Structures are given as C-alpha cells and as structure tokens.
Amino acid sequence: MAINWFKYAAPSSFYGLIGKMIPWFAWSSGILFIIGLYIGFFVAPTDVQQGEAYRIMFIHVPTSILSMFVYLVMAGYAAMGLIFNTRLSSMMASALAPTGALLAFLSLWTGALWGKPMWGAWWVWDARLTSELVLLFLYLGFIALQAAIDDPRRADRASALLAIVGSVNVPIIYFSVKWWNTLHQGSTVKFSGTSMHVAMQQAMYTMLLACWLYVIAVSLIRVRSIILERERNTQWVTDLPEVTK
Amino acid sequence: MLEISNLACSRGDHLLFSELSFTLAAGELLQVEGVNGSGKTSLLRTLCGFMMPAAGEIRWRNQNIRELDEAYYAEMIYLGHLNAIKDELNAVENLRINAGLAGCAVEEKKIIAALRRMGLRGRETLPVKVLSQGQRRRVALARLLFSNAPLWILDEPLTALDVSAVGLMQELIGEHLAHQGMVIYTTHQPLEVAGITTRRLSLS
Amino acid sequence: MNRLSLFGLLGLVIRRDLILAMRRRADVLTTLIFFVMVVSLFPLGVGPEPDMLRKMAAGVVWVAALLASMLSLGRMFSADYLDGTLEQMMLVPQSLSMLVLGKIVAHWMVSGLPLVLMAPVLGLQFDMSAQALWILIAGLLLGTPILSMVGAVGAALTLGLRGGGVLVSLLVLPLCIPVLIFGTGAVDAAITGMSVASHLLLLSALLLLALVFTPWVTAQALRISME
Amino acid sequence: MNWGEFFAMNGYALYVWGSYGMALLIFIIEIILVRHRKKLAVQQLRLLRDAGKEE
C-alpha cells in the first residue's frame, strides 16, 4: 500500500484534512437530528405503560451510551499519546473530554426528568444512574487535572495515566454499584420488558447516529483550536490562510 | 564513557538547545557554561533521565540510557540544586539513608569519617535543622565520598560553600578523576583542578 | 560495599518514612483527630436514636476514614519533592516501584492503621454489636491499604500543583467507591445475618489488584510529574 | 392532531421538553464555545505575527 497514513498524523496535514471534514459531519448530524426527532415524535406510537414520557428515551439513551463510549475513546487516545508519544492523539483526548462531560451531564439530567414521572422521584440510587454520576466525576477529574498543569506535555501524560486508571476502574465501579443496589433495594423499578416498536428503534438509532456525528464535529472543531494554541510557534501555523488574511 | 549525540531539549514549547553532541571519557572534567535560562540544569536533568530529550540520544557504555535504566543509575550520582537532606534527621542518618537509596549499605564509621573530612567534626549527630546553608551543602556533598559511581553529575556544587570547602571540592574532584572517574558540572564560580584541563561546553 | 536487595530497599524506605513520621508526630495526630471528630459529629447531625445510629455506623466510619485518608495524601510525596529527596529516589538503581511500595506501606502504617485501631472505640459510640465491630475492623484492615495505594497514584499525579490537596480528592474519591461499598456491605451483611465472606473476599481481590498495579502506576506518575 | 395537544405531551410536557430543551441548550452553548475558542486562537496568532513584524 502506497498510502502514507502517518502523513495525517502530523498536525499540519491533519488540521487541513479535518477542516474539510467538519462541515460534512455537522450537516449530516443536523439532518439526522431532524429525521430522528420526526420519527421519534410523529411516527413512533405512544407507549402503553409510560405514555408520552418514554419519548425522553430518544435523547437519554444516545447521550448515556455516548458518554461511556467517548470516555473509552478518550482513554484510548490518551494511552496512545502516552505510549507512542504522538502529540495529536493527546490533543484529541483533551478535545473529547468536555464533550464527554456534557454528555454525562445530559444523561443525568434527562434521566432525572424521566425518573420523576416513572419512579416518582428525581433521583433514585439505581446502578446505572449512580455509575453515570461517577463517570461524570471521572470526566471532571480528567479536565481539572489537565487545567491544573501548565506544561501541556506533562498535562497530557498525567491525564492520560488518570484516564487509563479510570477506564480500568469503570467496570469495577459499575459492578460494585450494581451489587450494592441489589442488596439495598431488593427489587429495582425496571422499564417495561416488552420489545420496542420498530419506529421506536429507528428513532433511537437515528438519534444515536446524529449525536455521534455531533460529537465528532464538535470535538474536531475543538481539536483544531488546540492545535493552533499548541503549535503557535511553528511556521505552518503562521502561514495558514485564516491567520495571514 | 558518556556519549551525547544531536541532543535537543525543550521546556514547554520553548526549545532550549538542539544539535548538541559531545563525549565524556574516563578521567575527564566537563564544565557546562551558559547564561541563566540557557538550559544548563535541563541538560543535567536530561542526563539523569528525569526529562525526555526532544531529539537525539544519550549513550552510556554504548547503550541508550533509556534501555539501561536502573543499571545506568547504579553508575552515576547526581547532586542537584536541592540538597536532598531531611531537616528532621541528623547528618549521619541522612547519609545512611541516601547511601541506601543509592543502592549500598555503608558502615557508620565510614559516614562519620566522610563528614569529618567535609569539615563537620562535632556536628555529626545534630539535627540538620540547626546547620547553616553551607554546612548542609557539605553534608550533601559528603555523599560523593563513599559513592563508587564513576559518573558524577553536579549542578552548582559550589553554592553556599566557603573558600576552604571549595578547595576541598577541587581536591575531591581531582581524586575522582585520578581514579578514572568523570565529572560533568555547572558553576558560576571558577573551579580549577590541578593537573587537569577543564573542558568547556557552552550553551547559547 | 554490599548492594542492597529489593527487600532491603523496601525495609529501608519503610523505616525511613516511619522515623520521619515519628519526628513529626503532630501531623499523624491531626489526621486521627479529624477522623474521630467527623465520626462524632454525625450523631449530633442526625439525632441520637440508637437504632438509626447502629444502622449507619459502618457507613459513617468508612466515609470518615475515606476523608481522613485524603487529608494525609498530600504528605506522601510533597515533602520529599520540595527538598530534592524525590529526585534522588528516582535514581535508585533497584526498582522505583518497590520504593514507592515502601512509601505506601509506611503511609498506611502512619495514617491508615491508626484509623483501624480507633474504629472499635467509635463503633461503641454508635452502639455496634461485637460481631459487627469485628467485621468492620476486618474490612478496614483490607480496605484502608487500597485507599493508600489508589491515593498514591493521585498524589503522584498532582505533585507540586496549585490546589493539589483538593484536586487529589477529586481524582481519587470516585475511584474509591468500590472499597466503600464492599466495606460497608460486609457490616450490613453481618447485621442482617447474611454471609460476610463474599464481601471480604472481594475486598481482598481489590487489595491484590491494587498491590500488583498501583506501585508501578505511581512510579510512572512520579516520572511524569518530575519532568 | 392538534399542536396544543402535541406540546402538552399528555401531561408530561415538563419532563419531555425539559429534557430536549436542556439538550438543545447544551448543544448550542457548546457550539458557540468551541467556535469562540477557535476565533480566540486565530486572533492570538495574528497578534503574535503582527508583533513579529514590528521587530
């Protein structure tokens, strides 16, 4: 294969490449959001048990899934930066962290708003909800550690180590919380076990894809700013058209 | 033998120096010179493996120090700006622990002899807290006396030392070089060792 | 001169840190007093009904132990960092991980063990039964070393940073949740007459896991922070 | 179907629109923030370049 993949690992070529890709991600995300919301609100039928409130699912489930997924991706990038000493992957990790934290927050917020009509309380110590809260703490720890260190290289390496330790801990935390929950509550309130209507599934997957593309677009814009901030002393940055004009 | 080839060092996003190459053979004394902020301390810290070089490599006995790791540390001794002595302990305790960390157990007699040679007679068992700056530096320097590491890396060894202590340091370095040792150091004071021509490396 | 073995190094570091701690006894006592105070404040906050106190005793003691161990984490590396000893420690010709393990053990003996020894007295304040007390102590014996180990990673990562003390709690506390759950779970199980073994075994498993990985991770974190 | 009924969500309006509203708000704020950060970065680069020219 003659393609040189490492060419895109250099910040200068990556910067140009993602500059071209961002609009595609952004627009397809927007269109999918519209389609997903349309199916979710107008096509999908009212749930027998939960009424209209179940429609919160179409935003709650994608943000929950993505908040965990983004943490793993972030830890993966951070580990890559730590092991192979590639600057770009560390920058990707720090670009993903704020978005991940916001997704975790949204997941908690929508979870609470769904829980109130269904369980009668804004917050229950359900295993998934508690784990999500811990995940938010892990994100905040990552961001806080990075913000506290002035030298960007040390910040990258230290937070990478934290992210790796965190991702090893996430399953342990999840299972311990789950176990604790079953011990203390005996029977937790569970969502109806009935299979979802096809339109509900379609709406959820479309929204998941839309959120995913949104995450990619936003974190790519953020990583472009980070590249500019970190590489400000290099020639290629000073020669960029948006800087020279 | 210590070989440095094409070494570059950066602090934050600021490049301190690059393309630095030199070798240090047995019996040689190398003084690193340069204005404040030119990267003297960073160079020494890189030689210790604390900092990763931005480019280039450091070889000890023809092997990269990253690969040698702990085997390299057994053959070098580093003395930084900070004395690495504990206020709560006395000089003997400090040195025994320091020698232990450097990988060897030393008899109490030898430690006391070393302290006396450094001009600290009568202060061996006082808490370091009550010693003056110069005396603390002498305690730190006493480590050199019972180390058998061939490579000495000294960052400003003469700070806070009086004339007699500077003379003593020159003597110590002379002895070390005569035993096929090597010394690399930074200083703002002149340091002359009889019979040895000091090589100079200037960072700009 | 004779070279020091790995365990010789371990012993030396533990001895050194214990001597230093003994010469700064006030620091050790502060942590212990903090622990006792936090636990004693709870009944004042929630009222003196013995039934409720018995029920929450384990949780209160564990949370207080968690907070107290956070308090002492700052001391683990910072003094050595400030006077240059840590630089020399990075240059040990044996293993930095072993040295770190020594520091962790010493830290636990100074800040974790006193909490374990104090726990029975506090348990009596909460009218705990003898059996529950024993389980609480066993849990603390297994759990507090994990707190020291996970805490060491956080302390190493935040070395020399502004506001490091608060930051280290933010990083470490979420990672300590499983220890809290199993530690208090064991006491609950004992009170309700269920099997205690599974909780304690899980705690032991966590201890083993932490023992294998955290010294190495802490050593890496120290190398990153010293750069 | 009438719109009033749709927005009432059969009594669950607060919960459903509270969720989607917060999501929309967060997404919009995040987009504004990342674009602002990009603008700041470019501005700073121009400042550095102009300072370099005058030397």
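So that you can tell them apart, the chains are marked A, B, C and D in the order they are listed, and the count of residues begins at 1 in each.
Just so we're on the same page, contacts are C-beta pairs under 8 Å (C-beta built on N, C-alpha and C of every residue); 3 or more make two chains touch, one makes a residue touch a chain.
Keep in mind the model is a prediction, meaning the values are calculated, not measured.
Colleague: Tell me, which chains sit next to both chain B and chain D?
Modeller: Both-contact set = A.
Colleague: Based on Cα centres, what is the most central chain?
Modeller: Chain nearest the centroid of all protein C-alpha atoms: C.
Colleague: Quick check for the class: compute each chain's Cα centroid; which one is farthest from the centroid of chain C?
Modeller: Relative to chain C, the chain with the farthest C-alpha centre is D.
Colleague: Cα centroid separation between chain A and chain C, in whole Å?
Modeller: 33
Colleague: Could you grab the centroid distance between chain C and chain D? Build each centroid from C-alpha atoms only and quote it in angstrom.
Modeller: Comparing mean C-alpha positions, chain D is 43 Å from chain C.
Colleague: Per the centroid of Cα atoms for each chain, what is the distance between chain A and chain D, given in Å?
Modeller: Using C-alpha averages as centres, the distance is 16 Å.
Colleague: Once you find the CA centre of chain B and the CA centre of chain C, what distance in Å lies between them?
Modeller: Between these chains, centre-to-centre, one finds 36 Å.
Colleague: Multi-chain contacts in chain B: which residues touch at least two other chains?
Modeller: Counting only residues that touch two or more other chains, chain B contributes none.
Colleague: Mind pulling the residue numbers of chain A that touch at least two other chains?
Modeller: 151, 153, 232
Colleague: Residues touching two or more other chains, restricted to chain D: which are they?
Modeller: Chain D, residues with two or more chain partners: not present.
Colleague: Mind listing each pair of touching chains for me?
Modeller: Result for touching pairs of chains: A-B, A-C, A-D, B-C.
Colleague: Which residues, counting only chain A, touch chain D once they are in their complex?
Modeller: So the residues of chain A in touch with chain D come to 41, 46, 51-53, 55-56, 59-60, 63, 98-99, 102, 105-106, 109-110, 113-114, 116-117, 214, 218, 221-222, 224-225, 228-229, 232, 237-238, 240, 242-244.
Colleague: Along chain D, where are the residues that touch chain A in the complex?
Modeller: Residues in contact with chain A: 6, 9-12, 14-16, 18-20, 22-23, 26-27, 30-31, 34-35, 37-38, 40-42, 44-46, 48-49.
Colleague: What part of chain B is in contact with chain C in the complex they form?
Modeller: Touch residues, chain B against chain C: 48-52, 70-71, 73-74, 76, 78, 80-89, 93, 97-98, 100-106, 146, 148.
Colleague: Note which residues of chain A are touching chain C in the complex, please.
Modeller: For this pair, the touching residues of chain A are 134, 137-138, 140-141, 144-145, 148-149, 151, 153-154, 157-158, 161-162, 165-166, 168-169, 172-173, 176-177, 179-180, 183.
Colleague: Report the residues of chain B in contact with chain A in the complex, numbered from low to high.
Modeller: Within the complex, chain B touches chain A at residues 11-13.
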